[in-house]
């Protein structure tokens, strides 16, 4: 475990002008040497109200975080993340998890562990920390029932191996769920070149563009007679995840139980 | 009063395949000969679950709607609309009002009247029935606190006399309200041509484009490090208001009291 | 023939303030009672430098235009347009044709007739008079060789029966022609839902969106490392063809021989 | 001078599969240690048909490039670039210059030197090597005379100190030049918040958006009755200049005399 002394952290927090009265949030980063993990470390260090108390990688001892860290951010690998989360719960540390690979039974095991633990710990497991993407999906689901037509266009760099993107598929599923019982969108197409009308994800047309120079982008288009609503999200680089990670780290301690998806922590609606 | 007999309406509703068991909603249209009013008449007539029971214009007797109409849609003039609404309440008809010119005291008088009346009548007074515009404003307010930067671009036909548009001003105000207490958006501008950075509405930059061929369009842009969220709404023609008017007509009867703004009837958030 | 007297036309032109010294261009409209024809009549009448000298429909005598009309705009039907054009050439009237259905042999017959005629008449046959669409296609062809990636998204109202649109197919063909000999755009897609990557038109991916409320829209997206170029064209209504028709009517008289496509009359490039 | 031996270069070129028969273009980079210069070095090295023959910085001897380099790319500083260019001409090396700070007299001195030299050397001095930005400006100038309305929106990161951007100002100037003699765009605005309608650059409205997360973006909007044309360019990172730099390096040797602006080397128009 590549821990840093409590001393250092306090020095940092003084420098960083923590809000009066508050002590800085002590954050451990799991997978700290990885691409996402190291970006998390930078982001936490540059936030005035928290600091990195420990950087862990394979083989480091999570139990040692007990009483030292408040929150642990896990960007490790699918094969390790579930064990990490259970060890964090045992150590009394709130987990914020961006690692993929979770299925329903695994989520249930975390829910049960949190309940059994009884200390009111919170945990967040989220597939996407980009606020714009999470909000776009929320808004799309909210708007879905108020329009006759809806289609999704996702645009990515040409090195992406799957089409459409996972985010676009999730958006289409959320939109389709919200439209249950509604008539299908009008479409008089009779002659169609193969593929022109996109893929269908639960009935929603999804188009995937691959263009040199792009990163990750999604447009959700809604249409009614005489009007259109477009929601677009652009992720230009990895750092786009960081505001969401920091928001999660600040929030997880006050939300007992397991939350799945960052939108659980956003105050949406009215 | 250019009323139509109850008989006619029933014949129409049979034709229009009203959902099993339901009798069609009986809608009176005030200002039926006007541009908006006549478009409302068409939209109501083409909806399967409602029909126009009466078309009223200046001088027609609103009291005669008692027991005849369920809902009345008012697209008249600012000088007439308040009296119309009070007469509709007396007649036991739910008002849906798109006429402008309401101020807080006038709204209060409607609230008091509805309460005094005691029959649980609903009323909706809304400045904008375009679902895409109403949703865009809602989403903008929800997203506002999660981004460092926000700016608004509205685009209209060149015959518009005011800049920025009322909708853009309302959006900016809603966004500013949601951002209270947040730091101002970063902006290092030192050298600036007059007007380049737009107008400021409660601190939010608003840019107004006037272009031949356009109708009414608005973009709200949010930015964080590495990511952008864009919400865009396009109104191509007057008919864009109709889905919102029909939704209001269907909903007003089940929502006692005064609602201001169509968003009051939209099921947003979670 | 529903001709109007020369007298009337002069009166109109005086009213409309023709540029000093010029007499107004005398325009005949073939198919004047049709949707496009009647819109052409309105557009010509509202232009200060030309007027409608004759409105012709089925059965009217084109020969009578000799010496009366300078230019004739043909928006009739595929079965009539070729005979109309040859009759116009015989009458010494410059044809501007928006009717579809022309193939290469038919175009060759017009070329030969114009040459045989020997009076230096001009003729324009164009599939599309929307300036924005014509320019977009030109620019796309010009840009095509300078980018690694290119894809096309066309968006239309849901009553359209074919996908992708003819305009998008033409654009893709023009882009493909300009890219001959270039490497194909990078695309690492391995897993793909059917249709997600669009249709292929000569190797160019083309995506077709069908959305209630839209009219006719096209986006051409180009990508290089670190940069993107987007060309978008929106046609909101039939009147979008009129600036192109007027430009053609003004130009055809000074361009001997047959021109195919409005871009032949645009001064592009440097 | 940090030259590399001819030997090495040949070895590289063999690896890189130079087109049959061609020897690789020998490129010297001036300002090679700078941000742009080092990116140029990478780009040249990864191109199959050219290689970096020398990396020069302050104090290195340009005369030594004679007979060694074919082309020199200068991304240095305004105070050095003019002397560099004259030294390159004396050395018989074609200069490609991205450094800013050139005025008309300085350009004239280069023109005279090239003519006096008499060896048919080419030189390119360009303020912008981003192909998408250069093409967007060209297309905007071409389209400008065919539309009633035109406005420009530029969007940049919030650290930019000037508004509007130099690129937007140049675009507006080019558009204004092309519209000389045309009526001004229609605009009925009577009531206007200060700044809402943007800045005016030679009569063209220009709006500047500053948004966290953005890099450098520009939209040029054209409008006619019923139609809109939009040209948008996005520069996401410094590498966006490289395709333009490589194109210039490949072309400069076959274009005697001074060219100003990358568009001089693009084959546009028909």
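The first chain written gets the first letter, and so on, giving A, B, C and D; residue counts start at 1 in each chain.
FYI, a residue touches a chain if its C-beta (ideal position, glycine included) is under 8 Å from a C-beta of that chain, and two chains touch if they have at least 3 such contacts.
Keep in mind it's a predicted model, so treat the numbers as computed, not measured.
Q: Taking each chain's centre as the mean of its Cα atoms, which chain lies farthest from subunit A?
A: Using the mean of the C-alpha atoms as each chain's centre, the farthest one from subunit A is C.
Q: Between C-D and B-C, which chain pair is linked by more C-beta pairs in contact?
A: More C-beta contacts join the chains of C-D.
Q: Any idea how many Å lie between the Cα centroids of subunit B and subunit D?
A: It comes to 49 Å between the two C-alpha centres.
Q: In angstrom, rounded to a whole number, how far apart do the mean CA points of subunit C and subunit D lie?
A: 34
Q: How big is the gap, in whole Å, between where the Cα atoms of subunit B centre and where those of subunit C centre?
A: Chain centres of subunit B and subunit C, defined by C-alpha means, are spaced 39 Å apart.
Q: Would you mind listing the residues of subunit A that make contact with two or more other chains?
A: Residues 147, 213, 222, 224-228, 234, 236, 240.
Q: Are the chains arranged, by touching, as a line, ring, star, complete graph, or other?
A: complete
Q: Given the complex with subunit D, which residues does subunit A contribute to the contact?
A: Touching subunit D: residues 213, 215, 234, 236, 240 of subunit A.
Q: Applying the document's contact rule, which stretches of subunit C touch subunit A when the two form their complex?
A: 147-151, 153, 155, 158-164, 185-201, 205-214, 221-228
Q: Using the touch definition from the top, list the residues of subunit C that touch subunit D in their complex.
A: It is residues 130-133, 135-136, 138-139, 142-143, 145-147, 222, 224-243, 247, 263, 266-270 of subunit C that touch subunit D.
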